[in-house]
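One chain, chain A, links the two complexes that follow: it is found with chain B in the first and with chain C in the second.
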Partner chain A sequence: MPTRMWKWSLSVAAAAVLALPVPSWGQLTQYDLESRMGAESHVGNVTGHAKDAKTAYRRYCVGCHGPLGDGNGENFPWVDPKPRDFQLGVFKCRSTPTGTLPTDQDLFDTIGRGLDRSNMPQWDPLSNQDRADLVAWVKHFSPRWTNEKPGAPIEIPAEPEVTAERIKAGRDVFARVQCWKCHGVLGQANGPSAATLTDDLGRPIAAYNFTEGSRPKCGDTDRDIYRIFMTGLDGTPMPSFADNIKPDEAWDLVFYLRTLMSQPSKAKAMAKQLGLKPVDPNAPAGQQ
Partner chain B sequence: MLVSSRFHLRNIFQSATSFAAVALVLASVVLTCSQPVHALPAFARKYGLRCSACHESWPMLNYFGQKFKDNGYQLMNDRDAPIWQNPSYWPITLRITPFWSRESTNKVAVDNAALDATVEQKITTTGFNLSGLDILTGGTLEKNITFLLVPSSDETGAFHFESASVRFDNLFRSPWLNVKVGKFELDSFISEKRTLTLSGSGGGYQLFHFIPVGSGNIFGQIGDNQLGVEWMGHSYNDRTRLSVAVINSVDGNVDLPYGQNSYSAFIAGSHAFGAGRLGVQRVGGYAMFGQAPTTYLTNGGVPLPGTGTGNKSFSRVGFEGLFYLGSKLDVQVFTQHGSDDKWFGACFGDIITGTCDPANNNNPNGPGLPAGARNPTWNGAFVETHYIWNPQFLIFQRSEWVRMSQQAIPGTPSNLGDIDNYVFGYRYNPFMTSRAGFAFHNEYSWIRQRGTSPVTNTDLSTNSVLLGFDFDF
Partner chain C sequence: MSKRYNFAAVLSAVVLICCGALILGQKVNAAGEGKITGTVKLDGTAPHMKGIDMAKDPYCSKAHASDPGHLETYVVGADGGMANVVVYISEGLTGSAASEASAAEPVFDQKNCMYTPHVLALAVDQKFKVTTSDQTTHNIHPLPNPMTGNIPWNQSQPPGAAPVEKSWKAPEVIPVQCNIHPWMHGWFVVVKGPHATSDTKGAYTISNVPPGNYTVTAWQEAAGTQTQKVTVAAGAAGTANFTFKAK
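This part shows the complex of A and B:
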């Protein structure tokens, strides 16, 4: 009898052990995806439906982002930066505070704008409806969208007039919050921390090089640049500075960053006239 | 004089119809054997995008692919320059189609020993064959400097340069300033180089190569790649596109074999707009105006290539539209009104392919214009439909009609040379990756040209069944 009990116990234990991985296998199953097929997006007056994006996703996106949206498409080994894992529900380009979900408009804009210096092209030739449908499709990959609501977009005050004082003040902000540690004192992405940067998944990642002439990933208007450092790029080492930089200072920093960029701008021309020097990391705090 | 004139007219008519019959068969063969198209897995490998990202079904471009092409084969993601590629990357694609076909022509001239005459007979052939080979290389030499080079052979391996051009893109950072020089496809957004139909009899667009029966004007074929320079501009999202090309009137032949100072222009413009759930619709138009030589200096009575003078004009204008009716169905519409100068209509012009009698017609001492000669004109249209079951399976049809509205030579039957062409089929890609393209292709086509059978000058028709494996790598 004890032997029989022992055998039963062993069988149950074995079955339990075998069953343990099941929840992890099932991190995302076809069933989960089907159950979220009702996901919608709302962009302007266009409503996107996940169920209508199946073909478009297969046509345009699946090669990189994979059938399950985990970024493990056939091109995963060959592209750098790696494709986004939609299952995590973490996105770089947002108008919402760090740690929150982006708005549908944010995702819609990212699809249309593409991500410079990556394999994500600008899908703006697609119709608004197709893009809205794809936004809904992207949302259906992550349970975050069923459990959370997107954050409220940050408020961006009206852009002030660029002045020499503001550019100098922006330079001070650049020194104070230590942008130079990653981006370098000249914005060449060669700061002392640049070589050690990794994303949240532990993959090496490069800081943005202001001088090479490429567009910032999340948009190249002044408002876009303001938004980038006030919301941070979630999933990357680029944090949100919303708690460290006041809105007025943020505009100063935008103007200073413009002076580092190779693209012509009013701020850049003014900095040249001023003979503005780069920050000095070795100088005492407040005098950099 | 009257007898002489009638004799001359009859000669022209007979030679014209004979030529037309031969031309139809030749065109069929040429289209079957060599249909250079541009679908480049080399780009897919470079950017890690599947064929379906750029192609509705390769080689036909979708809107994203059109934008990629209009940007000079660049994604504009600051990783277009070759310096960002693995040094072993070589932007080359090979395309060929092994196929089996059944071709049947209702009236072919054959000798009849019993009658000691040439008679017409229906001929049907079946068998395995090859298409021509396209070697497609293209991409960036540096950011915003791009190239396309396409050595192309017929099925026997005889090569020519189908395309060879360099393009300066986004000059002054503007998508409205792109300049291309070399031999290139004219900028119709409905592209014969990317047609989904492959068969010889009806695979190509008839309107892209239409020449009235008896005309010596080969210079107005908008489907042939041309030598020249092109300005092209487009909006950032490619919704609006404009282009103007100035080309030599040589139909893409190198070494200026015709005249020395004969040029043509091709102008195209289109605009796309969203229509809600229906999708993005594109409408546009094109116009080709040109001049080409009609007489040549001679040596021993034979016209000398490169000495053409007596430029006469021709034109092709039309509408083109691409309409999506939801995500699965699209309709292409293409129309044309064409006009050639009466000298072309009377068979002056081309001295190389010898459609008429270059020794007589194309020299200053030739017979001159027949009495009452007029500018030949015609109208035509085609409607092509694609039903995209999914990105891997597509069903297509095209119906095309060309109608002469005025013959060059009075007394010519009004419908001589009219064309009716129908083709339908399907294309199945068993797999879809960003490395190579492979499609099982099956189509049926039927084409009829009025009054062009070689002996009786009655209707000439050909039908074809094609089953092929179309692949590129």
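This part shows the complex of A and C:
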């Protein structure tokens, strides 16, 4: 073939490939990942760079989350809950509304906090820079960060003083939005719908048991608990209640949930004094 | 890299951009629009639809005391007409007709612990409302594949909750479920351009179809998809009847 013709046909072929619609579904390839190696994260005044996290990821994370970040590492068959698939860009612990991306700070916090009742430990030995680099690395697995911005963090008003009235009001919220359907009237994760819960990928998943002393997955401060039911835990059956619980009621509910937890708290002591009874699932609406 | 190679690359890029502009710029004449109509049938006897045990929620079982709930995988009438089949134009639409989102805002209701309708067809970017008529808490949890551009979300709707207004960014068949009532399964079928859903007699009509040659696709949640070629003349109706076999 004469050289000129060969070059022409090459460029025509290149044009034909470019004209094809971009195949966005299906598995990502090493090529897709290389093209997003410039991903960054911003946590406080630390800037994380994906390219700097390559070694740390291969050393600490790849065993579960896999070389392509799809949660299919060599430990996949042996761990439950299953490692997160970073390619989907769907995360449980967020400060942002359901259906939106978490902030860099959210991912950073998850790395440091770990996820209780899973194989994800707290990565205390990693420096802030290492963690920020790993956040950028986690982001480079999903095309969502190229196409979308993280959601705006929900606003959490200052925590009010816990009172008997607030605990009782929180119990009413617990009854009204029917938290007990999954979590049970005593918070023992034995509600009528608990046994059939599955995550977004169809795998069985347990509701949180408030009474066995484990930490809530996304942090154990009052603000962390507030955030859980106002953002939902995406990828799980736990929905967002943001449209149906007002900010003030949300604090009431936090106090009531504290009374169900086995850990000692001011709210728990007050509920004991009040002789507060569990909600009655058969009571008519608004008559607890 | 040789000069000639550069020239070739630039030229092919220019050709590419011109082609793209031509395709995007094609306008469909709104006057004399036709439609596509037809009937969807199921061949043979309809599979038995299992009853649903709603005992885990007394509200739901009470609502179905006289009329037990059944799975809705196949909803077939006496004459074999099949409901909940989405028919849409899969090939042949150009320009604005393909991207135009419908102004109608359909409602997806949670009623007596079932989804009404069981299948909701939507255009890309078309707004829809999720409502609840029930005195029990539901969570509305669509499960799109995030790789398509549609993002999963999960919202609680306790009794008396305000409607949730949403839309989808990309064509996809999206299952929707309630985790509290595991029998509640429905579908959002997101397509480009005009579409219709068959009624209980299996009849459907796709309106606002510009004259042209098309491929139409019929989707049924269990029986799969079928395609047919249809020609629509100005102001007239094309016909496409489909017959599915139960799987």
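We adopt the following convention: the second predicted complex is superposed on the first by the 262 of 288 C-alpha atoms of A that agree within 3 Å, B and C clash if a C-alpha of one lies under 4 Å from a C-alpha of the other, contacts with A are read in each partner's own complex, and residues count from 1 in each chain.
One rule holds in what follows: a residue touches a chain if its C-beta (ideal position, glycine included) is under 8 Å from a C-beta of that chain, and two chains touch if they have at least 3 such contacts.
None of the values given here were measured: they were computed from a predicted structure.
Colleague: Report for A:Pro157: first if it touches chain B alone, second if chain C alone, otherwise both or neither.
Modeller: A:Pro157 contacts neither chain B nor chain C.
Colleague: Quick check on the superposed pair: does A:Asp116 touch chain B, chain C, both, or neither? Answer first, second, both or neither.
Modeller: first
Colleague: Chain B or chain C: which reaches more residues on chain A?
Modeller: Result: the larger residue contact count on chain A belongs to C.
Colleague: Answer with first, second, both or neither: which of chain B and chain C does A:Pro204 touch in the superposed model?
Modeller: It touches nothing on chain B or chain C.
Colleague: For A:Gly38, decide between first (touching chain B), second (touching chain C), both and neither.
Modeller: In the superposed model, A:Gly38 contacts neither chain B nor chain C.
Colleague: Going by the contact rule set out at the top, does A:Gln129 touch chain B (first), chain C (second), both, or neither?
Modeller: After superposition on chain A, A:Gln129 lies in contact with chain B alone.
Colleague: Is A:Asp243 touching anything from chain B or chain C once the two structures are fitted on A? First, second, both or neither.
Modeller: Touch status of A:Asp243: second partner only.
Colleague: Quick one: which bits of chain A touch chain B in the complex? Just the residue numbers, please.
Modeller: 52, 55-56, 58-60, 62-64, 74-75, 78-79, 114-130, 212-215
Colleague: Would you tell me which residues of chain A are touching chain C in their complex?
Modeller: 4, 7-8, 11-12, 14-15, 18-19, 24-26, 87-90, 98-100, 142-144, 147-148, 176-178, 181-182, 192-193, 196-198, 200, 232, 234-244, 282, 285
Colleague: In the complex, go through chain C and note every residue touching chain A.
Modeller: 2, 4-5, 8-9, 11-13, 15-16, 19-20, 56-58, 135-137, 139-141, 143, 145-149, 151-159, 161-162, 164, 179-182
Colleague: Per the contact definition, I'd like the list of chain B residues that touch chain A in the complex.
Modeller: Touching chain A from chain B are residues 47-50, 52-53, 62-64, 66-68, 75-79, 236-239, 274, 276-277, 279-280, 327-328, 390-391, 433-434.
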